[in-house]
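There are two complexes below, and they share chain A, which is joined by chain B in the first and by chain C in the second.
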Partner chain A sequence: MRHYSTAYPLSWRIFDAVEALAKRVWPARFAPWLPYLLLLPALLVTGLLVIGLIEIADSSLHVLDKATFRSSESYSLENFERALTASLFRNIGLRSFLGAILVTAVTLVLAFPYAYVLVRTESPILRKLLLIVLFLPFFIGQVVRAYGWLIILGNEGILNTSLSFLGIGPFRLLFNYWAVLFGLVQTMIPFAVLMLAPALTAIPKETERAAESLGANWIRTFQYVVIPLARPGMVGAAIVVFTLTLTDFAIPAVLGGGSNDFIANAIYDQFFRTSDAGLGSALTLLLIIAGSAAVGVALLLVGIGTLGLAGHDDD
Partner chain B sequence: MTDRSKAVVLWLLVGFSVVTLSAPTAVIIGASLTSGKIVTFPPDGLSLQWYAQILGAFDLRAAFLRSLYVATVCTLIALPCGTLAGIVFAKHRIRFRKGIQVYLLLPFTIPLIGSGVGLMLVFGAGGLLGSLWPVGLACCAINLPFMIWAVAGSANALDPDLEKAAANCGAPPVQTFLTVTLPAVMPGVITGALLMFILALNEFLVSLLLVDSRIVTLPVLIYNSIRSIITPDLAAISVVFVVVAAMVIAILDRLVGLDIFLKSK
Partner chain C sequence: MGEAVTTSATRTDAVRNIAVSVRRVSMAYPAVLAVDDVSFELAKGSFLTILGPSGSGKTTLLQMIAGFQAPTSGEIVIAGQPVQSVPAYQRSIGMVFQRLALFPHLTVAENVAFPLRMRRFDARTIPGRVERYLDLVRLPGLGNRRIQQLSGGQQQRVAIARALVFEPDLLLLDEPLASLDRKLREEMQLEFRRIQRELSVTTINVTHDQREALIMSDEIIVMDRGRIQQMDRPQRTYRQPANRFVAGFIGLTAFLPVEVRSVREGVARLRIGGAELQGTVAGDDTLLPGGAAEAALRAEQVRVATTGAGLRNLDTVLEGRVEDVIFEGERIVYEVLVDGFNEHRVRAFDHDPALHAEYPIGAHVFVGWNVRDLLVFPA
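Let's turn to the complex of A and B:
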């Protein structure tokens, strides 16, 4: 017996036991279903969000009873009517949409050259530096970055103090629409660059050289060769930036100072200030529909493959 | 319209982006080192007093530990969920592939405020609001595609013949998985886990919706504080985020190379 156990090490016996257990739990005839079993945990975790959507939809159909401050039992579409007609929400909606359009345009103008230099530079050190500059704010988080902007742009902040040495100012740089848009552009540049860079990588250098050797200057090369070829990346970047901006909370809250709210801030206020969960849910649902529609269009236009889950391209 | 003008225009725009991206970080590091009582410019002098201060500040330390806990819970849930799903997507032919893919990308297509409000209602109905682990679960649910993407990338690179060879040599399925598949996808697993950890550590909006005043996480605490008065101790604690972010970037660079994000499909 002793001889047997030395010839047959412990790790083997553990493996055998594990295999036997695996066979017990999931017999070979279930093998075709194994991939679905392995997917199950991810499906369940993501399922939380689906249940969340159902809860939001349910909550949006109950009106807050002002007398008892409870949600009514009966179903109605009144919350949606208020969300779509109240001038407060119309203003906030317009402000968010206009902001999202402006931020998308400016972000693309800044992200395109960044991605271009990132992809085309010959220097590995420069490329690494540009990547670090890109990732660092992305990993630091929005609140900490907004805090940095408060220190820079405040009435007694770095910028105003520096300007006062020159005898100008002080200017009110914070808590206005432009501060919010600026903060949003800064937040969105990394997303846009990361969507654009793979599209630019796919354009061979020779294509640009060919245009130049045929006499096109660099502006015409960009206009007629690089930008059209990078269009899938541009569209993807634009729609990602647009939806992220439209639904942002932290930047309008911190840099807008309460008077430049976006839709997400209005939703938060409905839940935590006026305690009107029904109206808040209706606003959330409308925003989700607007946001998902935009992302859906993006995925249809540039393909789901952009987000890189696909293993086989056979389907 | 020479190459010179191209370089000037490109570099002006890139330079503006670099300054804009880096300015808040640089300023926070600077502000944390001031010896004054408030954040002023130019600084009153250099000192590490605010770092000593945050070590003694109970609420800051407690909030930081809570954020670490949330990030750990999130990563521990994401590890099995994302690894298995990533391997399945790269290795197996499954029915309804497109549909499952769209479903698993829901966390990216639903706006963050929508996911947060939904989870708040779900956890509220389940009586889970007020405890901390559901915040970690929520962070996992909203960022899971990152983990799946990272693992699928590694699994795609694994030659399927290796697994067949192992099976051919007599290795049963579990052993093949543990000794061939799992080690091969490890870079992806670590990349994904790092992303999940740092994104959960920083997660603000979903935290804000799910925590109450007794269990605020660090980003929520910073948010609540900067709305009143800006003090340098907040800058010092923010530097902790900067350091963690820098560490994650360094590890990612060593592990998979930052250039991976530039590759075209």
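Let's turn to the complex of A and C:
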């Protein structure tokens, strides 16, 4: 026989008091507006960012006066012109976009089985292990992780040292595009898995078994049932990975070693190295516009409904 | 050697028109023996219901036949072929799941066409076939609907069409009707029966609803704790329960703990409290004089009357007091405490409440039944 305490726990009594207080300051007839009130803090925080954006938009319209090293008073589109025509920025932009697309594709392919096993495994030990491995990188932080790759992949690193025992190498594994993409994929997998797992959880095991009993082997079950049903999660994961990759700073900086900058690195240079805030702002705005446009086009192609954000009336 | 045995058994199956045989199949989970040494055979075209309480191993048994789980031991033979090494997607089995498991991203017609596409039927024949099966389940012209736009009963029909459209050797139903409201459930029970007869497809249905089992089946297997308690035609399962469990699981049965005085030619003289009774020994159980036993009495075999004269044609007539009255609409259930029975109550139906006055609680009544209806099981 279990013993149940008859007293209400402290947390219940605290919430009761809060409820009573709320009833006084916010009478029931205002209830329809309550959701909007609760929305306010998030709106304010996001709103502050908008103020920053307006500031950036303003500064992007002023060219740096090389003589005085201060922004000129007059408005012009010169910064945008430079950002769009200079071959340096064009290369960086192309590199970032191509990288984001490649990283998104590879990450989704790698994250999908991970998320699937995580959701479907019957072994609680395996599930715990997969979750720990998934969250570990978050505790380590991006810069330390990138530095870890230096230790492993460097010319004198663990990998090249091991290979030298076999009489091959050393290979130049770092400071090239592939190293950057590799590091980015590794960073993005946990995000993708976290976006995919709920979508896969929502597919009942019974649905997969139904496909199987109807004659689909596991490949066809994936192709015709699991993947189509997981689409909302895949679109969400793709958008998150794409935008995070496109705007990433640390991985290109450390693993690219300055030779494979992404847009964020170029922006950083303008703000903090050359002190050309105008040009930096223009690059920032272009990044935001291009990134949003890419996501917008992707959503138009697959349909916004796919994200599964709308409420469902039935079941 | 094992193989030679299998082959000869297989040949006999084909000759004897057996669609499925399950041979000494067990499924052991770490904590429970979910299915315990189950064997049965099912003739082609017949409708079998596996009936049992929650946790009795019905789903586990069905999953093994479907190929989603491998038995710990034993053998399953479908259409003459042992299926151990045949994966689920290659077995010719249609299955309707408890939660239907329709594909929400496909239309009704695409759902029904799914097994045909997966099994690479000739693409030109698919639309006609889908149409035919939608007609069969009485959903003509709804092919372009989305699954979410259908009612519960309509979704049920799509699931049936999808499971049958590829003409499987065997249809498995895992309590697909359990979630429906009573009226729709009864309608779908008759619908399943009609379709099953029309196609004469061998069917195994799983349920814990005794009424459903009695209505739909050619044969009933009653299961408890992983074991088959009885396999019989519905009438026999109902009238001649093989053991106490079956007697209690089907119908409204009162159990009376009795002491056996003597047994002669299948009739036992019994004692309960201060009263003497006679009952029929159930099946081929042996009862020892002086031993304890249990007597089972179905409510519909018991008559109630205000005078003993009204029950003159019954073997056993006793006096008692009405303890409880349960009004169920088409019938009334009386719980009667028989004088001398201690606290053990007998239940009786009055099937014609319109004709009779209702006896109030506390009323003095006579109850009567025949010796053949009081079944005695070893305790």
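Methods note: the second predicted complex is superposed on the first by the 244 of 315 C-alpha atoms of A that agree within 3 Å, B and C clash if a C-alpha of one lies under 4 Å from a C-alpha of the other, contacts with A are read in each partner's own complex, and residues count from 1 in each chain.
Throughout what follows, a residue touches a chain if its C-beta (ideal position, glycine included) is under 8 Å from a C-beta of that chain, and two chains touch if they have at least 3 such contacts.
Note that the structure is predicted; figures quoted are calculated from it, not measured.
**Q** Does chain B (first) or chain C (second) touch A:217, or do both, or does neither?
**A** both
**Q** Considering only touches as defined above, state whether A:142 meets chain B (first), chain C (second), both or neither.
**A** first
**Q** Return first, second, both or neither, reflecting whether A:250 touches chain B, chain C, both chains, or no partner chain.
**A** Once the two structures are laid over each other on A, A:250 reaches chain B alone.
**Q** If you count the residues of chain A that each partner touches, which comes out higher, chain B or chain C?
**A** B
**Q** Scan A:228 for contacts with chain B and chain C and give back first, second, both or neither.
**A** A:228 contacts chain C only, not chain B.
**Q** First (chain B), second (chain C), both or neither: which does A:80 touch?
**A** Touch status of A:80: no partner.
**Q** Is A:39 contacted by the first partner chain B, the second partner chain C, both or neither?
**A** In the superposition, A:39 touches chain B alone.
**Q** Kindly classify A:207 by the partners it touches after superposition: chain B alone (first), chain C alone (second), both, or neither?
**A** second
**Q** Residues on chain A in contact with chain B in one complex and with chain C in the other?
**A** 217
**Q** Which residues, counting only chain A, touch chain B once they are in their complex?
**A** 15, 18-19, 22, 34-36, 38-39, 41-46, 48-53, 55-56, 59, 109-111, 113-114, 116-119, 127-128, 130-137, 139-152, 154, 156-158, 161-162, 185-186, 189-190, 194, 197-199, 201-202, 217-219, 243, 246-247, 249-250, 253-254, 263-264, 267-268, 271, 277, 280-281, 284-285, 287-288, 291-292, 295-296, 299, 304-312, 315
**Q** Could you pull out which chain B residues touch chain A in their complex?
**A** 1-3, 5-6, 9-11, 13-14, 16-18, 20-25, 27-28, 31, 39-42, 77, 80-82, 84-85, 87-94, 97-98, 100-115, 117-122, 125, 137-138, 140-142, 144-145, 148-149, 152-153, 155-156, 172-175, 198, 201-205, 208-209, 219, 222-223, 226-227, 230, 234-235, 238, 241-242, 244-246, 248-249, 252-253, 258-259, 261-265
**Q** Across the complex, what residues on chain C touch chain A?
**A** 66-68, 87-91, 93-95, 97-99, 101-105, 114-115, 118-119, 148, 162-163, 166
**Q** In their complex, what parts of chain A are in touch with chain C?
**A** On the chain A side, the touching residues are 204, 206-207, 209-217, 220, 224-225, 228-229, 231, 314.
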